[in-house]
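Each of the next two complexes has chain A plus one more chain, namely chain B in the first and chain C in the second.
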Partner chain A sequence: MRTKSFLQCSLLMSAAAVLAFSLPAKAQVSTVQLQAWLNLPTSTSHIGNITGNAKAGAVPYRRFCVGCHGPLGDGNGENAVWLDPKPRDFQLGIFKCRSTPTGTLPTDQDLFDAISRGLDRSNMPIWNTLTKDERADLVAWIKHFSPRWQNEKAGTPIQIPAEPEVTPERIKAGQEVFGRVQCWKCHGVEGMANGPSASTLTDDLGRAILPYNFSDGSRPKCGTSDRDIYKIFMTGLDGTPMPSFSDNIKPDEAWDLVFYLRTLQPHNAYNAKEKQIAKQLGLKPVAAQ
Partner chain B sequence: MKNQRYSKFAAILSVLVLVGLGVLSLNQGVSAAAEGSISGTVKLSGTAPHMRGIDMSKDPYCVKQHDTPIMLENVVVGSGGGLQNVVLYISEGLTGNEASAVPSDQPTFDQKGCQYIPHVLAMDADQKFQVTTSDQTTHNIHPLPNPMTGNIPWNKSQPPGAPPIINSWKATEMISVKCNIHPWMHGYFAVVKGPYATSDKNGAYTIHGVPAGSYTVTAWQEDLGTQTQKVTVAGSKPASADFTFAAK
Partner chain C sequence: MISSRRSLAGCLFLLFLVLGCLPDAHALPAFARKYGLRCSACHESWPMLNYFGQKFKDNGYQLMNDRDAPIWQNPSYWPVTFRITPIWHRVSTGRVGVDTYAGGAVSGSTEQRIESSGFDLSGLDFHTGGTLEKNISFYLLPSSDPTGAFHFEQVFGRLDNIWGSSWLNVKLGRFELDNLLSEKRILTLTGNGGIYQTYHFIPVGDGNIFGQIGDNQFGLEYMGHSADDRTRVSASLLSSNDGNVNLSLGSNSYSGFFTASQAFDAGKLGVERFGFYDMGGQAATYYRTSGGVPIPGSGIGNKGFNRVGFVGQFYFGPHFDLQVVTQHGSDNIWFGQGFGNAIATDGNGGATCATPTGCPPNNTPGTVLPATARAPSWNGATFEAHYVYSPQLIFIGRYELERVSQQPNTTNASNLGNISTFTIGYRYNPFMTSRAGFAWHNEYNWLHQDGTGPQPGENLNSSELLIGFDFDF
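Our next item is the complex of A and B:
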C-alpha cells in the first residue's frame, strides 16, 4: 500500500517536473537572463533630453502592459488569446513602425512614438495619458526583453528630404511609381485592400493579415503625417508582408508616391490639396497588367 | 618607354590576378590549398510523395511563364531515385581555420517564372549572396530566420528590372524564404559553416576543398530532416559517402 502511494507520488512529481521544464523551454528568454540584462548600461532609453530607466519602467509595465504583452514580454499575456492582431513579442525585437531600414532595430524615439500613438485597428491604445518620463522608462524596459539589444545598436534612421510642394506633375509621377513597383498587387488599384494577393497574406508567424485599406478612413498604423507615410514604404513594416522599397524608389519619387497615396484616402485633415488636384486631373486608377 | 613597360607589367599582373580569382571561384570550398573532396549520391527509398500542383492564377504573368504544370519542390526526385536540393556539409571535424574561411564567390538566388532558382541555396555563414529577379512582376524577398540565432529577418521588394540584393547571414541556420505577393514561392537559404554542396537532379554531389582528416558529413533535406555519416579524407583522394532518405 505504502509503496503504491509512494510510486504514485513519484509519478506525479516527475510529471510535474516534466511540465515545469517544458513550460519555460517554450519561452525563449529566461527570467534569469532578463535580470542580468536589466543591469547592463543598454537598459536605458534616450528620447530627446529624457533618459528612460528600465527598472523604473517595470512598474507602469506591470500595471498597463503585462495583461497583453506578458511578464516575459513575449506577447503571451493573459488577454493575448482574445486579441487579433496579437500583442507584439518583444523578445524577437521586430517592430513595424521604424524610421530605420528593414532588418534593423528601431530607435528609442520610434518605440516612444508607437507607445504614444497606439496602433490603429489593434488593441494597442494611445498611451499619451502616461507621462513622457513613464513612456521613456517603458521604452527602456521593453528593450531589455530582447537579446538583440544586447548585441546590436539601433539602425540609422533613413534620410528624408524636405517635403516639396504638391503639384499635378508630382501626383502623376507618384501614380507611375504606384504602378511600377506594383503596390496594387496587395493594396488594389484604388487602394481598397483588394489586390490579387490581398487575401493570401500572412505575417512572419503565419497568421492572416490584411493590407492597409486607403479608402476606409482608418489611420495608417505608423502615423498619419506625410513623413510617417514616407517612412512606411521606405523602411517596410517588419514582421508583416509589407516590404521596404528603398532600393527601388528614389527619395524624391517617394514624396510623389506619398502625394498620390493621399488621393486614395477619403477627405481628411491632410489631403485637401491632393484630392483637389486629383479631381482636376480626373485621375483614373492604374491598370493592373 | 618606361611607362610602356609599366603598363605591360600591369596588364600581365591583372591577367594573373583574374586567372587566380577564376580558379578560386571555381573551387566552391574553403581554401584553394585543400584538394580533397567528398562525393556521393543522395537517394530516396520508397514511393516519392505526391507534390501538389501550384495555382498561379492570381498573377497572369506567372501563368504565362509556364507551358507545363508546376509542382511544389519540397521533395524533388530524379532518375533512379536521386534526391535533388539536399544540402551536404561538414558538421564536425573542421579546424577553426577551415571553418572560418569564407568563399569570395557570391551564389545567386534568382526569381524566374515566379519560382526560386535554385529552390535551396546553400552558402557559408558571412558569405555574400545575391538575390536577382528575371521576372516582369514585382516580388518581395522575405527571409524568416529566427532572430534568436543572430540572423535578422528583413523584407525587400524587387520590382521588374530591380538591381540584385546583396546580403549575408551571420549564423548557421536553415532559413525559410518566401514571397508574400506570390504565396506559393517558398525556398531556403541553407547557411552552413565550411565546405558544402547541394545535390543535383540525379542526387549527385561533390564537396570540394576538404583538407585531409576525419569528418562528420550531414545531409539536410527540408522535409525529410538530416542524416549524418563519418567520412575520412586522405590527401587528394576523393572520399565517398552515399545517403538514403526514407520516404515519409
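Our next item is the complex of A and C:
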C-alpha cells in the first residue's frame, strides 16, 4: 500500500513539475508591451461577422506558425534557414497578397484569405482545416508584430469593375498590354518565367526571387480566380519586384490582360474559353522589344 | 525504507528539472523535416493527429503544394523515423491461480495477486512514408517486438487525387482501417490501456478474431474527402485474416469496412465531427486437416460477423476535446462456440499448433452445436478526453466499457466477460521542433473484467503504472 501511495505521489509530483516548467514558455509572449497592445482596438480582426481576438490567436500561432515565422514573427523560426522562399517577416508589415493599393496595409480579409489559401511554391500550407474563428484570431495576432498596424489603417480595397465577356478582341488587346507594360521582361514572352530580367530579380531584402511561371501549372500565390489575377498586377506584390500597374493600365485594359494571361496557362478549370479563342486566333508570343 | 522512497521521489523531481531545462533537439522526423513544420502542426499531441494532420494524411502525406514530389527534396533526404520507448512499469494482476506446496510437492492451489515491476522496453518502429511522386504515396512500417523480432506492421501504396479529385484515392496493402480515433496513434502505452478495448472485444469463448477494427488489415481501400476535409468517406475490401500474411487464415473469405463522417465549424468551440462505421464480413470456421492438424489457408465454412458504431470528435475550445466511439458487435453462433481461429498463427503465416489436441477448435464436418449455443452480441463504448495545456503538454483520460448483451451460451452468467477500464496519464514534450519528438510519458491503467477469475463468478482486476521516454527521430 505504501508503495502504491508513493507511486501515486510521484506521478502527481512529476505532473506538477511538468506543469511548472511549461509555464515559462507561455509567459514568453506575455510581456508588458504585449499586454498593452492587446488592449488596443487593433488587437482584433474582422472577417465578415467574425471578430478575431489576438490573445486567442497566440495559441494556434504557437501550434502551427511559430516553427517558420518565429516566436517574434520576424520570419526567423527554427525552420526558416531551410526554407526558400523565406517565411514572411510580420514585423515589417509588408504583404504580397492584398486587395489594397501598393504600399498600404492589407485588409483583415486579405490576411485571412492568405492563411486559408496557402501560398503555392512556398512552404506555406493551406490552413482551411482551421475554423474561421481560429483563422480570424491568427489574423489579429499576426497584426501585433508590426508597429504599422498601430500607426496606420489598412488600405481601401481597389475597385474592380464587373468582369466582361471574353472575346478575341479582348485577348488581342490583353496581349498588347502584356507587351506595352513589358510583363515579358520578367515573365518571358510565353510566360515561362524566362524573360531577360528574370535571373536578376531580388526582393526588398536582396534575396533572389523568381517571377511567376504561367506555363508550369502552379497556382498563382495570391489566388486563382480572374479577380485574384486582376488584383495581383493592379496592387503589386509588395516586397517583391512585381510592381503595381494601376498607373499604367486602365481597369478595362486590366481585364483584357487577365484574359490574355489565361492563355499562357496550361488548360485548367478557369481558362477553357481563353485557350480556345487563342487557338482559333493562332496567337503568337509577343515580340520582345 | 521511507528515506529511500524520498530519495527516489527526489530523483524523479530532479529528472524533471533536467527535462525542463533541455535545449531544443535536432533530429529528423520524416514529414516534419520534409515540410519544415513542427510536430504540433499535425499532431494534437504526437502521435495523435489534429484536423490539419488528418487532412495531410488524407491527401497522401501531401500539403498539396508544389513541394510534395520527392524531387523537391535534397537527395540526402530519407523519409525515415525511428520510434522506441524505454519504460519503467509496474503490473498488478489479481486472482492468479498459484500452486501451494507441502513437503516440497504441490498440495493444492490458491489465488494471489501477482505484482511485478521493473525497467523495460517497447518494440522499435521504423516509420518510412511519403510520396514516390506527386499524388503517389506510400507507407512502410517494419516493427519489432521488444526482443527485436520484426514484422511488417504497415505496408501500402496509395494513388492520391486521381484525375485531380480529392474524392478519389485508392490504397492497397496492409493498413490501419480508417478509424478517426486511431489505435495506431494512441497516446497511451500500457498493456491494456495501449489499445482500445472496443476495437478488439469479443465475448468469453468467442473464436472470431477477424472483426478487430484496431488491427491493421490487408485489403484495398477507397477514400474520398472534401477539399477542407470536413467530409470524409472510405470503404475497404479486406481479407478476413486479421492482417496475417500468407493467407494462412481464411483464404476464401472477405470482409468490408465502411465509414463516413461530417465535421462542422462550430466557431470558438472548434471543429465538431460526427460519423459512423460498419465492419461486416465472413470468415472461415472450418479448416481442412491433415493428420488432424488444420492446414493453413484451407479455410471454408464461412460465417458472418458485424461491428457497427458511432464516432464523434467534439472540441470545446482550444484546450479540451472529447472523442467517442461506440460499437454494437454480433457474431455468428459458430464463432460464439470458439470456432474461427483454428490455425493459431504465429503472425507470419505459420501454424503454431502441431498436434490435433494442441489446436484451437475446428468446425470439422459433423460438428454439432450445443443446445445452449446462441449468437453472441455486445455493446461497447470508448470515451477519451484530452486537456491540451499547450502543444507540449497533454493530459489524457479514457473510460471504456464493454457489455455482452447476449452470451454465446445460455449457461453463462449474463455479465461474463464484461470489461470496464480507465486510463489516465499525461505526456510532456520538453521541446517542440520539426526535428525530433520526445515525450516524458506517465500513465496509469486499471481494468476490471467480470467472471474471468480462476473460480466461477470471480472477477479480475489488473492495473499498470508506466513511466517512460517515448521518442522518435
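Odds and ends about this structure:
By definition in this document, the second predicted complex is superposed on the first by the 254 of 289 C-alpha atoms of A that agree within 3 Å, B and C clash if a C-alpha of one lies under 4 Å from a C-alpha of the other, contacts with A are read in each partner's own complex, and residues count from 1 in each chain.
Going forward, contacts are C-beta pairs under 8 Å (C-beta built on N, C-alpha and C of every residue); 3 or more make two chains touch, one makes a residue touch a chain.
Since the model is a prediction, treat every value here as computed from it, not as a measurement.
When both complexes are overlaid on chain A, the residue A:R121 reaches chain C alone and has no touch with chain B.
Shared-chain residue A:P266: touches no atom of chain B or chain C. Looking at the shared chain after the overlay, A:N151 reaches chain B, while chain C stays out of its contact range.
Legend: residue contacts after superposition of the two complexes on their common chain; A:L201 is shown touching chain B, with no touch to chain C.
Looking at the shared chain after the overlay, A:D247 reaches chain B, while chain C stays out of its contact range. Look at A:P168: by the touch rule set out above, it reaches neither chain B nor chain C. Within chain A, not a single residue is touched by chain B in the first complex and by chain C in the second. Here chain B touches chain A in the complex through residues 58-61, 137-138, 140-142, 144, 147-148, 150, 152-159, 162-163, 165, 180-183, going by the rule given at the top. Contacts from chain C toward chain A in the complex involve residues 1, 5, 8-9, 12-13, 15-17, 19-20, 24, 35-38, 40-41, 51-52, 54-55, 63-67, 90, 227-229, 265-268, 270-271, 318, 389-393, 426, 428, 430, 433-434, 440, 442, 444, 465, 467. Those residues of chain A that touch chain B in the shared complex are 28, 91-94, 102-104, 146-148, 151-152, 180-182, 185-186, 196-197, 200-202, 204, 236, 238-248, 289. Against chain C, in their complex, chain A makes its touches with residues 2, 6-7, 9-11, 13-15, 17-22, 25-26, 50, 56, 59-60, 62-64, 66-68, 78-79, 82-83, 118-134, 218.
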